[in-house]
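Labels run A, B, C, D and E following the written order; every chain starts at residue 1.
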Amino acid sequence: MPIGDLAPELAVLLTAVAILLLAMVLPRRSHHWCAILAAGGLGLAMIMGWSQSDAQRLTFSGTQALDGATTWARIVIPGITILCVGLAPRWFATDRRHGEYYAMLLFSTLGALAMAGAADLMQLVLAVLLSSVTGYVLAAYHRDWAISLEAGMKYFLVGALANAILVIGVILVMGMAGSSDYGELAGSIPNDPLALTGLALILIALFFKLGAVPGHTWVPDVAEGAPVPAAAFLTVIPKLAAAVALYRLVALAPGVEALPLLIALASAATMTLGNLCALWQDDVRRLVGWSSVSQSGYALMAVAAAGAVPEALPALLGFMTVYGIANLVAFSVVADLRGRTAISGYNGLLPAQPVAAAALALAFLSFAGIPPLAGFLGKFALFSATLDAGLAWLAIVAVANTVLSLFYYLRVIGPAFFSQPHDGIGTLGGSARAVLWLSVAILIAMTFLWSPIWSALPADLLP
Amino acid sequence: MIWALAYFPVLAGLAIWAIGGSRATLGAMGAVAAAATLALALVAGGGTGRFVWSELIVLQAALPPLAQSVAILVPAILLPITLFATSQEDTRGLPRLVGLMLVFTGGMELVVIAGDLVTLLIGWEIVGACSWALIGHKWREQAPGPSANFAFVLTRAGDLGLFLAVMATMGATGSASYAALGTLDGVPLALAAFGLLVAAVSKAGQVPFAPWLFRAMDGPTSVSALLHSATMVAAGAYILARLHPQLSAAPGFGAAAIAVGLGTAVLGGIVALRQTHAKKLLAGSTSAQMGLMIATVGAGYPGVAVLHLIVHAATKAALFCAAGVAHRVSGSFDLRRMGLAASLPAATVLTAIAALSLAAVPPLSGGWSKEEMVKALEHAGPLLGALTIVSGGLSAAYATRFAVAAFGPGETRDARTRPGEMAALALLSGGALALSALWLPAVNEPVAAWIGAELPSGSRIGLIASLVAVAFGVLAGVHAARADSTDPTPEWLGLSALYEYAVIRPFHALSQTAADFDDTTIDQSVIRPFQALSQTAADFDDATIDGLAPGAATGAMTGSARAARGAIGIAVQGSAALAALGAGLGERLSDLIPDGTGRVTGMAGADLRRLQTGLAHHYYTILMVGFALAVGLLIFGG
Amino acid sequence: MLTLAVLIPLLAALVLAFAPLSEAASRWTATGAAALSLIALMVVWAAGGEGFRAVAEVPWIPALGIAWRVGVDGMSLSLALVSALVFVAATAWPMKLHDARAYYAWMAFLAGVSIGLFVTLDLIVFYVFFDLSLVGMYFLIGRWGHGDAQHAALKFFIYTLAGSLLILIGIIVLALNMPTLTFDMRAMIDTPPLAAAGVVPGLVFLAFVIGFGIKTPVFPVHTWLPPAHVNAPGPASAILAGVLLKMGTYGLIRIPLQMMPETFARWALPLAIIGVVSIVWGSIVAFAQENLKRRIAYTSVNHMGYTVLGIAVAGSALGSETARQLALTGAVVEMIAHALITGALFLIAGSVWQRAEDYHLPNFGGLAGTAPRLTGAATLAAFASLGLPGLAGFVAELQIFVGAFGVYPWLAVIGLLGILITAALFLRMLRQMFFGDLPAERKGFTDLNRTETVLLTALLALVVLIGIWPTWLLLLIDAPSLIPAIGAGG
Amino acid sequence: MTLTIVLLGATALVGIGLYGALSQQSFVMLMMGLELMLNGALLAIIGFWSLSLGGMPEGQLMAIIVMAVMAVELAIGFALIVAVYRKRQADVTESIDTLRQ
Amino acid sequence: MTDLLVALLAVCAVWTGWRVFRVDSMVRATFSLMLSFVAVGAIGVLLSAPYIGVATVFMMAVEMMVMAIFMVMFMMNPAGLNPMSMVHQHRVSIGAGVLAFFGLAAAILVSRPPSNPVAPDADVVTELGLELLGPSMLIFETAGVTLLATMVGAVILSSRQGRFGSADEGSRPPGLTEGGDPAGQRPDGGGGGHHHHGGHG
């Protein structure tokens, strides 16, 4: 068994286990060491992922793909998770299971990595399961806080059905196509109703992970209710992985004519719904959650163009990277502001907390695709791919949605910049603030580094 | 060199405005500048100039004798008027007045020297803008501001014709020079010719643009003097004369010019005759005289028109100066309150010369040039000649009436004349007198030859009729002047009564109607007919029956108020209404694009949000509905 | 050199954002940066040349054909110059401010991006600057505006962003239709990517027209303009009108006209009609406004209508080549003239607000006595705006109308109405503001101070210079080189 | 034929399970619905494996995975139910609807 | 013969499955569900998958026992003896179930899965073992990790006591200001017990 092929995943797994053990022995005050360990393990995974970036093969009998997309996931997912880790220490300082949080976080990361790399439907099922199960726990981590539990419960309820659907779908596809291996499925999924039903079921389940319509319902709840560091993680990492998984799946079935249309419709529905629902939110976390739904819709634009144009995959990955960073910036602002969430609470943020205000504006403007922020570059890649694929109508819908989204982003930014504060605004400080700075720096740097990033993104996938 | 004719007065004017100074200083500076301009005009003859803007637009200037005569005229008139202004007008703002008059002159000179339509347009509109500033000179008062705006907008409406001419000419030939204008034919020529006609007519205060001339009376007297003699108003007649060779080929051009010109000549005369406001009387007269000139151009004698322009300039400027003096002494422009012969004997004499010249009484200069015009129009048709004669009679009537009413017998007042005023009056009247030399063939022939004017030959009947009309007019004028202050008495064996009932009463009625028509042109009957009617009746009562000062003042004021509701009044109100409509409904409609979309979207947002009920089983339903649709699409959509 | 012209203000913005400078120092930093930028552009101008000059290129994203490309032709150089000038005036304009340092930082930022927009030769960079100008203006209006500033800023941002995104779509489609993927403007001008046949070019053209039309703005997508102007601080309004609006018309020339000439020719007539409607509508509606800034704002619609008419005519492929060249020259001159004139008018409006905190015209009157310099400047600017010959506006409008007459005579004739109505409305404005009685509450109204006078004089002197001697400007613009080859067949 | 019967049976189980998942208010009953759906899935994979896939070993593995999914969902579900119940005394979906819209 | 048995068992599985939602007590529902599983397990055995079948039976038996105990311990209606019908959006649910059934059934009837029965002599259990430790080892390991994570997660969420005393205490967001209340909304009325019937048919 080529164990070395899974070095990054193993690094994460072993770190998670080590954290579990460490959390068992460390005194409560010292649980932040778990965070450091987690960051270290993730960093190691990134390095290992980087070192395997040349690989272009299937491994473990075709159940795991080692290709550009996997490499991307192995760098971006642990990378962003490190930032998520940084948000947690002060946030969970009073939690008596502080250390275990990092273990769960790492298990969830592992699930995401597995999802991104899965080249077998069964592996996909388990990866989704691992990612989901840990996700529920992360969302409900504030066990003494009702809406955190509620968020976890909602996430679980939707997720359980989605996973059941996924299993059914996989079985139908397996049964009809005779294999679960992507290598064998590629292009050979039969065009009969049962297999198509199975395909649709898998898609829906992955939409759930991606937070796209109709599986989007958990996103705003988790964004609002989950602990902010967990929300930051859950609205980003599973989506990154799901985007890759979805792309891999769609690439398997080039013969299904209606598939791009289905994805495009889902994309349009998702961005529109996300934006419309975000429109009048008075809760910033929830607003970001809905915005994250709409961003999933944009991501689906690239999936809809999959196969039609070569730049669809780079566009997807590039966009998701930027989205992940920008979303993290937004949540790290919220985390650094101690979970401040009422929209009116952000009045006069600029004079009170200029860095946080600027970061929030940057993140939101990046979401809106204001150039030259990286969000624009991502969106630009998406638009190019979509237009090139002949889905101009989708691009127009996206344009309308972008305009719409600007409205609610400005609903936050406007008062934050133009109003006077009514009271002091407390911050969490510490590593949360460091993450804020770091993520903002990355977001800004991406503008300048876009060229190397773009050329490093893979153009196609295995198999 | 030739351009200096335009920019020297402008720069001098701005400099004088900036430097300022006492009356004497300003007078001296203004006079020197005017004299310098005059010198420039004298030496610049025959010169040409080019000023390249781009390959396509080249400003050109030329000064053929016809133009040079006017180029000389303008500063020659300005000089005395500067003297008049610096001695008569308020010291407050005097530097500005003198300076702007020079700028005004510069603009006029640009019109005169223009060798292409763009240059013409530039000068044309600068003249308009300066007239705005000059009419609104006394900006602290309520009336001049709106009047200045009125005048500018109304004349600019006519300027659109000039724009049209430029467009047509350049569109057809790629050049806007007069030479290019001459090569036009067909539709472009018609557009250019009628565009220019409209522009000229508006500047010259012809029907239907005449009302602005009355409003312009809110400006200082010196401004009126300049405006009505050698600049603004003259520009209209001048340009038609200057471009007559190029435009006459346009079908219908001559007829249109004659129609407008003669129509205005007659109506203007009637209006002038009816006026008791000294300056307005003169304003009506200006319309009429310009009408005659335009008609003459239409009849094919541009040179004659220019000669009359020159003569008229001296005459009219003198009369305005006289009106200004009379106003200063009597404190009012009401002719019935003047009667200054005893107080101002010298001024009376000078005024009489000018007035008789205006009345076309031989052997004064006005008589000669008017006779030439009568002859010219006779050539165009006997009826037209007859109308010209009638118009001449009218001018005789109102000129006489002005002179007799203003400088007729009256009580002696304490009237110290100012040297500047008298000098101006003397110069101008003297000029008018000197021009009488034109009666002599030895003078008029070389002059006509120089400017290229063809002098028409006329019939004897026409001459006699014309003289009779003038004589009749003078008599009527004298009578009208008296009738203003006294009840008509049946002397002269009932002839007076005959006059009264057969001529004067109908004349009054006609002129009242025409005045109303002229003042309000297309009237605002659309908007407030009854109010206007009752207003008119009240005016009539005030002005004719009471004959008292307050009444006259009211009359004058309502007169200007009525003028405000002229053609432009309607246009302005119409467009204001349209604008209000636009600002209201229209803007709301176009605002609906974003706002409406925004609102619908907002509502959609508020509604769609309710999908997120917070209830897990609804989420399940959403998920399953989505699934069903996806399956359906995949199976049946492919 | 051009890069320098863009970078200096941006660096100044950065410095202002972080260095704790005093208010005066901030103001001079921003002004100095804009002035340096102006000097850099003048150096380019002095160097002369034909076609695109001072070209420089630094790769950004080579894989996508995106690079930092700068270079100017006559049109963009003249627009960049006038923008820099307006920025110098607007930043130097004395203001009573809170958070002055941030204000000047945004001003400098806006200066950098605006100049950048005119000098870039890369469509994506163009788009970047296009959007950044929105961001800068949003914050300027929202933070330092008055009245319902936040709402106005929001409307401005959203409305114009909608337009800019359509432009982005159009840009992408153009680039995708190039033989090799590139966003180099020169390449697209040399080999226009989309032939006229088919639906796609029409739709792309529509996207551009709507996008640039919103920014310009033309009827009926102009309604964001008045609130944005009314609530913005005076100098920001000056920039909005003087610089930002030009981006729309500049883009209209640079992209649809030059890069898709055949399609443009097909749709020139509707565009010209839009221009004429804007002319007439803008002036009519402006006439009804009792708010000083709204009135000026609507005249912007009117003036940009002239420009659009000129551009439409230039691209019509009808009439004589002379007519089209005239129209295009006129359109570009109109942009420059409008920048100077309306810039000056809005700066004046800013002064009025600083002194009276009021824009309601009936509340004014008789200011000519207490503020003669203000009166003089306003009068000159107003006359320039109404197109008085001898001032810059006339040079532009004359050429536009003459050109338009050669192609669409009726539209030109209808458009002339605009000249008349603007005259009426500006004169009314002057009378209401400056003539008649001085209301009691305006007794303390002070005249322009020295700085204001100097700045306005500079702007208006240029207006006069262009009005009397436009030759240098017309040579600089060199309109014949802008009209694409298809025009030759006209 | 047998496969059809098996699959129909599986389908029926899925349908009933779906009904339960959609209709039950109680978390536990709802989860039973989900389990029943998975039960159907299990039946289906067994049928496919045995009758259509020719005994492909992955089929059995899939069956095991189905069971793992059941177990995992059940375990974590109960843990959540306990936590929610302890904090909020809530045991039906309607009682947790703070997060909405 | 096998067909008939399979059919019978399938009917049995379906019927017991149906009973799950038709009985009045959760405990009985649990047992009903278990029976359904057992029937499926039996089908597995019949269809030459003895390992899977038996594993199902055992696993589900245990699982359902846990569930039943769970009910008794934690939930209201502990003995599960009171009549109960707690449903919402009932008609929608029925419709969805019926639609799903008929839709899938139609798909099954239309689609023709290849007929390729398992070889009678195959050593399916060995094959499974080889598969698990051979080609599909990664999947198997992933399943293991998943189970591990699940256990950890379940303990984190549900265990009342931790190493430092009551495990839940202090497990809440930081205050909006130091020492203050956390931000965000809270359940109405302390998030108490019982539902306001939101179910619309």
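One rule holds for everything that comes next: a residue touches a chain if its C-beta (ideal position, glycine included) is under 8 Å from a C-beta of that chain, and two chains touch if they have at least 3 such contacts.
Nothing here was measured: the structure is a model prediction, and the numbers come from that model.
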{"item": "Co-neighbours of chain B and chain A - touch as defined", "value": "C, D, E"}
{"item": "Number of steps on the shortest touching-chain route linking chain C and chain D", "value": "2"}
{"item": "Farthest chain relative to chain E (centres taken as mean CA coordinates)", "value": "B"}
{"item": "Selected interface, D-E versus A-D, where C-beta contact pairs are more numerous", "value": "D-E"}
{"item": "Chain nearest the overall Cα centroid", "value": "C"}
{"item": "Centroid comparison with chain D (C-alpha atoms), farthest chain", "value": "B"}
{"item": "Rounded Å distance between chain A and chain E, as computed from the means of their C-alpha atoms", "value": "27"}
{"item": "Geometric centre distance via CA averages, chain E-chain B, whole Å", "value": "98"}
{"item": "Geometric centre distance via CA averages, chain C-chain A, whole Å", "value": "42"}
{"item": "Whole-Å separation of chain centres (CA-atom averages), chain B against chain C", "value": "37"}
{"item": "Sites on chain B at which at least two other chains make contact", "value": "598, 609, 612-617, 620-621, 624, 631, 635"}
{"item": "Two or more partner chains touched - positions in chain E", "value": "88-89, 92, 96, 100, 103-104, 107-108, 113-114, 136, 139, 143, 146, 150, 153, 156-157, 168, 185-187, 191, 198-199"}
{"item": "Touching two or more other chains - residue numbers and ranges from chain C", "value": "158"}
{"item": "All chain pairs that touch each other", "value": "A-B, A-C, A-D, A-E, B-C, B-D, B-E, D-E"}
{"item": "Chain E residues within the chain A interface of the complex", "value": "103-104, 106-108, 110-114, 134-139, 142-143, 145-146, 148-150, 152-153, 156-157, 162-178, 180, 182-187, 191"}
{"item": "Complex contacts: residues of chain C adjacent to chain B", "value": "155, 158-159, 219-224, 281, 284-289, 320, 322-323, 325-326, 329, 366, 368-369, 383, 388-390, 394-395, 398-399, 401-402, 404-406, 409, 412-413, 416-417, 419-421, 423-424, 427-428, 431, 434-437, 469-471, 474-475"}
{"item": "Chain A contact footprint on chain D (complex, rising order)", "value": "14, 17, 21, 27, 30-31, 34, 37-38, 40-41, 44-45, 47-48, 52-53, 56, 58-59, 61-62, 65-66, 68-69, 72-73, 76-77, 79-81, 83-84, 87-88, 93, 96, 98-99, 101"}
{"item": "In the complex, chain A residues that touch chain B", "value": "153-154, 157-158, 161-162, 165, 191, 193, 196-197, 199-201, 203-204, 207-208, 213-215, 217-218, 220-221, 256-259, 261-262, 265-266, 273, 275-280, 404, 407"}
{"item": "Chain D residues within the chain E interface of the complex", "value": "1-9, 11-20, 22-26, 28-29, 32-33, 35-36, 39, 42-43, 46-55, 57-58, 60-61, 63-65, 67-68, 70-72, 74-76, 78-83, 85-98"}
